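Same chain, two partners: subunit A is paired with subunit B first, then with subunit C.
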Partner chain A sequence: MSPSRPASGAQITAADVAALYAGANFYSPSVGDTTRVTLIDWLTGLLGETGPLPLLKPESMPATSWCAALCILGSGAALADLPPAGDEFVTAVRTLERTIDRPLAAVYPLAAATVSALFPVIAAAQLGLPLLDCDGMGRAFAQINQTTMFLAGLSVSPAVLTGAAGETFTLTSPNSERADVLSRSALDVLGGWAAFAAYPASIGDTARGASRGNVSRLLEVGRLLLEPMSTDLLVNRLSAVNATRRIARGRIVDLEHLTRPADLSVPTHPTSAVLDEVGGAILRLELRSEIVAAFVDGVLTAAAPDLISLFDVRSGRMAALDSLENGDLLDVLVTPADAVWYSPEGLALVGPSVHHIPLDHPRRR
Partner chain B sequence: MSEAPVHHSRTVLAIVLDGEEVCGVTVRDRSIVAHRVFDPDTDPSEILAALAETADHSPSDPVEVTLTIGGLLTALLSDGSTDAGVAVVRIVPRPASDPRLGRNPRPRVERLVRNRFSVQGGCDLFGRPVSALDVAGVQEVARQVAALGIDSIAVVGSGSTAHPHQERQAADILQARCGSARIILAGDLGGQGFVARESTAVHDAALFEPVDRLLGAWESAVARIFPGSTTHVARSDGGLSTLSWARNHPVILLSSELSTTLLGAAADAGLDACRVRIHTHSGQLEGEVRDRLVVVGTDAWASLDGPMGWDLVIPQAELSTVFAHPWPTDHPDRDEAATEAVVEPTLHRNLLAGLGSAVSAPSAWVDEVAYITTAEQLTTLREDVRTRVITLATANGAAPGSARVVEMSAIAMPFTPAGTVRITARATGSPSPGRRLVPDTADRVRAG
Partner chain C sequence: MTPPAAFSAPTVPLTMSELLRLDPLAKVEVAHRSATDQPVQGVDLANSFARLRRVPPHTLVVLSDEADSGGWSLATSLHLAWERAAAGVVISSRSLSASGSLLAERLDITLLVAERDPVDLALALAAQVSAPGSARALRIARCAEQLADQTAIRGIIAVLARELDPLPVALVAGSTLLAGRAAAVADKPGTQLVKVPVTTATGHLFAELVTRIPAGAGDSGTVESLLALGRTPILAAWAQGRLQQAGRVELERVSFRMLRDAAAAPAVLDLPLATGLTEPASWPGELGWQLDGINRAIWLTRSTPTAPPADGEQDEMTQLVHSLWHTVLPNWPLAPDEDGWVSWSTGSTDRPAAMRRAARSLSDLLSRHGLVAGIGGAHPGARGLVRSREEARLTARVATTLAAGSIEWFDQIGVRAALGWLPIHSLEGVAQLCLTDLLAAKDRRALISTVLAVLDNGGSLSVAAGTLGVHRNTVLARLARARELGLTFDQPQVRLAVHTLCFALDTAWGHAAMEPDRTPPGRRELMR
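Moving on to the complex of A and B:
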């Protein structure tokens, strides 16, 4: 079943793992370091055994072969507390193959961010499959239907969830929004996280729907973050890769909860962080699983699908949302998302209105 | 809002043990008035008697003694004297399919482990059982541990911070079979993350005997030389604890010398808030003091590799690589940069650690995950945590009524069901001068 590996081309080696983790932290501000050493140790050892993992452009593979998207469904905190046995993704992928009655020739990250950027690499190495250099989000949104594949008409299901106890749910729904709701119900009893394999499709269809090059980009950003350099230089270099810009530097002065109306079936209730910006402005960040909006003196300056991330000036590291505290001094960085997310369909799926912020996205004004 | 703790004029004999020497520092009114260095094997009574002479101390006045032993513990962990003594019992739904996941990823933790066992069980982040505890499996592990003669056991169950019932059930079975074995339950130490809790529990188990012996010797010496005096020991967060609490959970003393060094450097510079550059095993690092407290975090060193890399659930000083991200002189916020002091201390690290412990105060820390659905529930949760952390600070030696919450943060946890919050709180109070506090209740209070 394993495809022949290319003699040359892009690949992920054991030496790339630290950069992979650092990049995953940049594309989602929701990852603390509780699983860092476990994942780095595991994946480094695995790649040391299996050798470099091919990282292939989707168009370099046969368009009629099939692939699937993988991610950790649920929270990194749940994963940190209930550790994986290690075979969850292999079980999920094999179950998905049986469900669709065809083998998969490749896998790719549903979201190239958070721990979900690392597990597809682990799974690919375990399965002996190449990893496609694409993903469905270019960061991490909270719902499994918030993908460019969904926008392109691909279905989330059939999908498979495998939990830490080895239990497996197979999910089939013609409605991808319902698939998200159903999968969350399953998560609740699986232990708060699950290995998730979904979006089975031909590589040709996937190439048309997925955001391409995001694994390579993540690695490039990760390498930058591992280099010691001044904050200013880092922002400049991130700008070259990502068009990242700094919109403010400030100190957190308040954290508030349940600050907006929200659909509580969606993960993570609304929270707000207020920063006293150096220079005198007041910056308000609206949070859920991601930072969904930034207001400077009451003016919406950035909003989802922009990637809004926080860089801890003191530690020189990305700041995790679940570790924010009053007094933290942060640079607020904004990185534009894939262009498709700023289309009317994209904004309807992941834009400010989804988070009950009834304002036009700054790019649409 | 609670009132600020009262800082009495105090004479403190601060003892710093780093494995190479014992440094005795006499501190009065936040200043070093005398110090002496002793051979590491010197009898504690002899050291205290010598310091009493240099302190010019009135025999009628009670004296306070602080011990900072983080450096010594690091030396003990490094020289192999604590190696391979702990049995680890993991309670998880399934054993690891990859051996890399079946062990602790930090070699420094694995060195302390003699045998590992895995039994079926485990809960999720909220303490809901994912798998029932395999009682027969625990009984078999107990039989093997007893046969091996291991007397130090760390039990770590997934989700045990939220609900430690499986750990306790396993501990009861182990205790019944293993008699006098010392059993550490990871859930008793609180905190987030299975691996971090395991690392903490293993260190706690490995350090129990040497710390018990050491603190016992110092407690006896203080009682002999300065009857009725207060003795505290410095914690990883830069605060102080009673000897009884520290002897129960010695892991809270790890890296205390770094936190007290930061505090000491700030005090020596006459500053309440500053950045401090210190030399460590990982080179020059920078920490921070705010409002006379060290800036700490529970996963403060999880991002570090090498000698300083450590995943522990106890709060430790946040340290960053100096010069990695300096304030540029032409930066728009240069005004703030210019007003922020960066201290590069010149005193020996042990003098600073002694000074830091002398100006410190009993403290406590809580780090939990909770579930709320309304703002009112959050208010209730905050009050509950506030009460508990103040109780813990008092149990750690704060004068009754003096403890106050100095930091509290509640933040939604990404990608968890709406309403899930991580709440952390830190409390500190004035030391109780002139008498010892031995809070029997402390043993039954989690975290701290």
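Moving on to the complex of A and C:
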């Protein structure tokens, strides 16, 4: 194991930042490298100043205390174009506290993936609050209501968006789907991205609704990815940590763009990557902001909410979806999501039908 | 209740390849064609994956709506169709992608791309599939139309092959493949041969159209009907070819006769051909003949010229010689000339090596068809060609005294060419009268060849024994026996007559034996 691993496992230190970033990359293959250096430097410096950040299990805190979920809302490209001033999350959390008229005892990531896995750590360090070892997605979905908390009956709002210019947008809606639509319209005027604080609730309710252990799992995966090792060994270890399995190894033979009309509910253009599998099969990956489905010879083999990620065999790194090219040799890895996502309600919220793929999920056949 | 006879035997369903030859599928793009030619028992307009999961086997699926939205949906549709053993899948062009074709190829399922509205297309296909007889009649009519446009045998076979694809089609005469694919006649397990004879108006079997269909295939009748459509066009093409060839052969015959006549009339010959001072005659050039330069002729004839050919036999032989000649020496001219055929080489210098190569190429053709050849000397110009032809003809006559396939050179024979003009059969008749006892003897061949060898070698018994490969005493004994049987050869006043008779008998018996190497070595020596 890496020597940087914390002895207690219940705190995040400056030495964990690289693993945090690598893990965040694994759980969302579409994250780019644009803000990588800035973020890592920022967080490493911050944790150096504030000391290790406590990473606590929700059940270890008073159930009546309140907490909120944090994430970056909007476009990663916009975040690179308009870098954060640094106090956006502090402003958002303080505003949320004022709105609900009670202090927050902890924060946690809305989605322990992409940069949204890192900003809650920054915010917690800035606020001097502990970070809860849980999240609402176990990966990154596109909509703020696609969370396990929503499935458990928690409300997105009141929620607060704070832009890089210091502007704040407070959102209250009894309907979480509407809250997603409203927050997106606010994003346009806030600069394309915003610090987002939502799902204010008691830690007891949060513990029942959120997916627990996802931050520490992300750190474990990140450490594995940073260690030099063969692809096969890496897959075996990911399997042990994450139940990850490799469904195919193949070379990209075609990238098809705009293969179908855009799904209005998910703000991305559909793209397909076609792989000629080493075993002879033809593998088709349906790409949105994530890989939403994998077909082997036309058979749906994996689909959202499965986490489908690509490992570049030649570089030994996770492959980002925006840099795929014909000829890339890739391992296609599938990691199951939290079990609650495979319930009928979970699949209705994030399953293949959301991406206009009216096929039964492989786990439901 | 017993059903009416018309409905008792179900019609064999159309196959995918049959549908692809008929509108509307004849005009669609074939992204992939399955190696298996499946029967099509129904058509289904599948607008959802749920419907695709229920299509019966051997259904031609026309995708629409959700199932025809491209991308992953094409992959899923192809897989479902493959699982249901569908005969094929028809999609719209907007749904086609390279990966879709690739998957169809991997699953080996027929994938068609049509521009037409899927509902219209499905209805039209359903009508065809439900009435296979009508569809086949339409197909036969369409094939007949295409055949009517063809004037060459090769084109006719190509139309039939396209129509019957993937079945191999060939036109064969006996065991000879005239056109098409050899696979049609090769015996392949699991297939059966379908033959349609092609006969002339007189009932003569010209050739057969053949194909191979899978054993037990239900619809061999349509295959036979299609092959039968090719009979008349093939006969017409064959007759036209014969007519054209006959016309050209006749032109060549007349042209070469004019050349010979010109040689016989120097005033005519010298002006246009030999001297070239004025405008040369155009017909040699139009026929592709070259005359300027050094010419060396080769003259072909039957190896038994004394037996006149039956009516039309010479014409048939001319057709045969022309056909075969052009497969061996396609760049050499060939013209019928009296009772033989003449060709020649022309160059700025004499090229005996080229003629030797040509002779080697011709050897097999000559021996297989009972022909011999003579090669004349090398002479310049048109007049030289006519002279070389005379020499070649004289030499060929000498070759007729040898076995079929023999090729003799005038340069090597010289005056011995005279022997070729001996009336062998007349002399054989003389011998029957003058040498009755000897010709009645069982060992007459040995006696004649021995006397001939002694005379050929100037009376030397030892040289004759060496030539014959026997002991000198054997030669002595045979001479004594020949003398007893009335053959007196050592009197000067009869020696020429005896020598001539022995030569004639030996030659005649050599022909009768039909074996080239039976020619006595002594005689061959005499000829050289």
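Criterion: the second predicted complex is superposed on the first by the 353 of 365 C-alpha atoms of A that agree within 3 Å, B and C clash if a C-alpha of one lies under 4 Å from a C-alpha of the other, contacts with A are read in each partner's own complex, and residues count from 1 in each chain.
We adopt the following convention: contacts are C-beta pairs under 8 Å (C-beta built on N, C-alpha and C of every residue); 3 or more make two chains touch, one makes a residue touch a chain.
It should be emphasised that the depicted structure is a prediction, and the values quoted were computed from it without experimental measurement.
*Asks:* Mind checking subunit B and subunit C on superposed subunit A, clash or fit?
*Replies:* The answer is fit.
*Asks:* Does subunit B (first) or subunit C (second) touch A:298, or do both, or does neither?
*Replies:* Only subunit C is touched by A:298; subunit B is not.
*Asks:* Determine, under the contact definition given at the top, whether A:86 touches first (subunit B), second (subunit C), both, or neither.
*Replies:* Only subunit B is touched by A:86; subunit C is not.
*Asks:* Based on the superposed arrangement, let me know which partner A:247 touches: subunit B (first), subunit C (second), both, or neither?
*Replies:* After superposing on A, A:247 lies clear of both subunit B and subunit C.
*Asks:* To make sure I follow: the centres are taken over C-alpha atoms, the vertex is subunit A, the ends are subunit B and subunit C. What is that angle to the nearest 10 degrees?
*Replies:* 60
*Asks:* Under the stated touch criterion, which partner chain does A:281 make contact with: subunit B (first), subunit C (second), both, or neither?
*Replies:* After superposing on A, A:281 lies in contact with subunit C but is clear of subunit B.
*Asks:* May I ask you to decide whether A:327 touches subunit B, subunit C, both, or neither, giving the answer as first, second, both or neither?
*Replies:* First partner only, subunit B.
*Asks:* Which partner chains sit in contact with A:272 here, subunit B, subunit C, both or neither? Use first/second/both/neither.
*Replies:* Only subunit C is touched by A:272; subunit B is not.
*Asks:* Applying the document's definition of touch, where does A:235 land relative to subunit B and subunit C: first, second, both, or neither?
*Replies:* Neither: A:235 stays clear of subunit B and subunit C.
*Asks:* When both complexes are superposed, which of subunit B and subunit C contacts more residues belonging to subunit A?
*Replies:* If we count touched residues of subunit A for both partners, the winner is B.
*Asks:* Check the superposed model and tell me the shortest C-alpha distance between subunit B and subunit C, rounded to whole Å.
*Replies:* Shortest inter-chain C-alpha distance (subunit B to subunit C): 11 Å.
*Asks:* Once the complexes are superposed, what residues of subunit A are shared between the subunit B interface and the subunit C interface?
*Replies:* Common interface on subunit A, subunit B vs subunit C: 270.
*Asks:* If you look only at subunit A, which of its residues touch subunit C in the complex?
*Replies:* By the definition above, subunit A touches subunit C via 253-254, 256, 259-261, 270, 272, 274, 276, 280-282, 284, 286, 293, 295, 297-300, 357-359.
*Asks:* Quick one: which bits of subunit C touch subunit A in the complex? Just the residue numbers, please.
*Replies:* For subunit C paired with subunit A, touching residues are 48-49, 66, 69-73, 75-80, 82, 97-99, 102-103, 106-107.
*Asks:* Could you pull out which subunit A residues touch subunit B in their complex?
*Replies:* Listed in rising order, the residues of subunit A that touch subunit B are 28-30, 32-38, 40-42, 45-46, 74-78, 80-87, 114, 140, 142, 163-166, 184, 188, 190-192, 228-232, 234, 249, 255, 257-258, 262, 264-271, 278-279, 287-290, 313-317, 321-327.
*Asks:* Touching residues of subunit B toward subunit A in the complex: what are they?
*Replies:* Within the complex, subunit B contacts subunit A at residues 92-98, 100-101, 105-106, 122-126, 130-131, 158-159, 161, 192-196, 288, 290, 295, 297, 299, 302-303, 309, 311, 318, 320-321, 323-326, 328, 331-333, 336, 369, 372-375, 378, 407, 409-422, 424.
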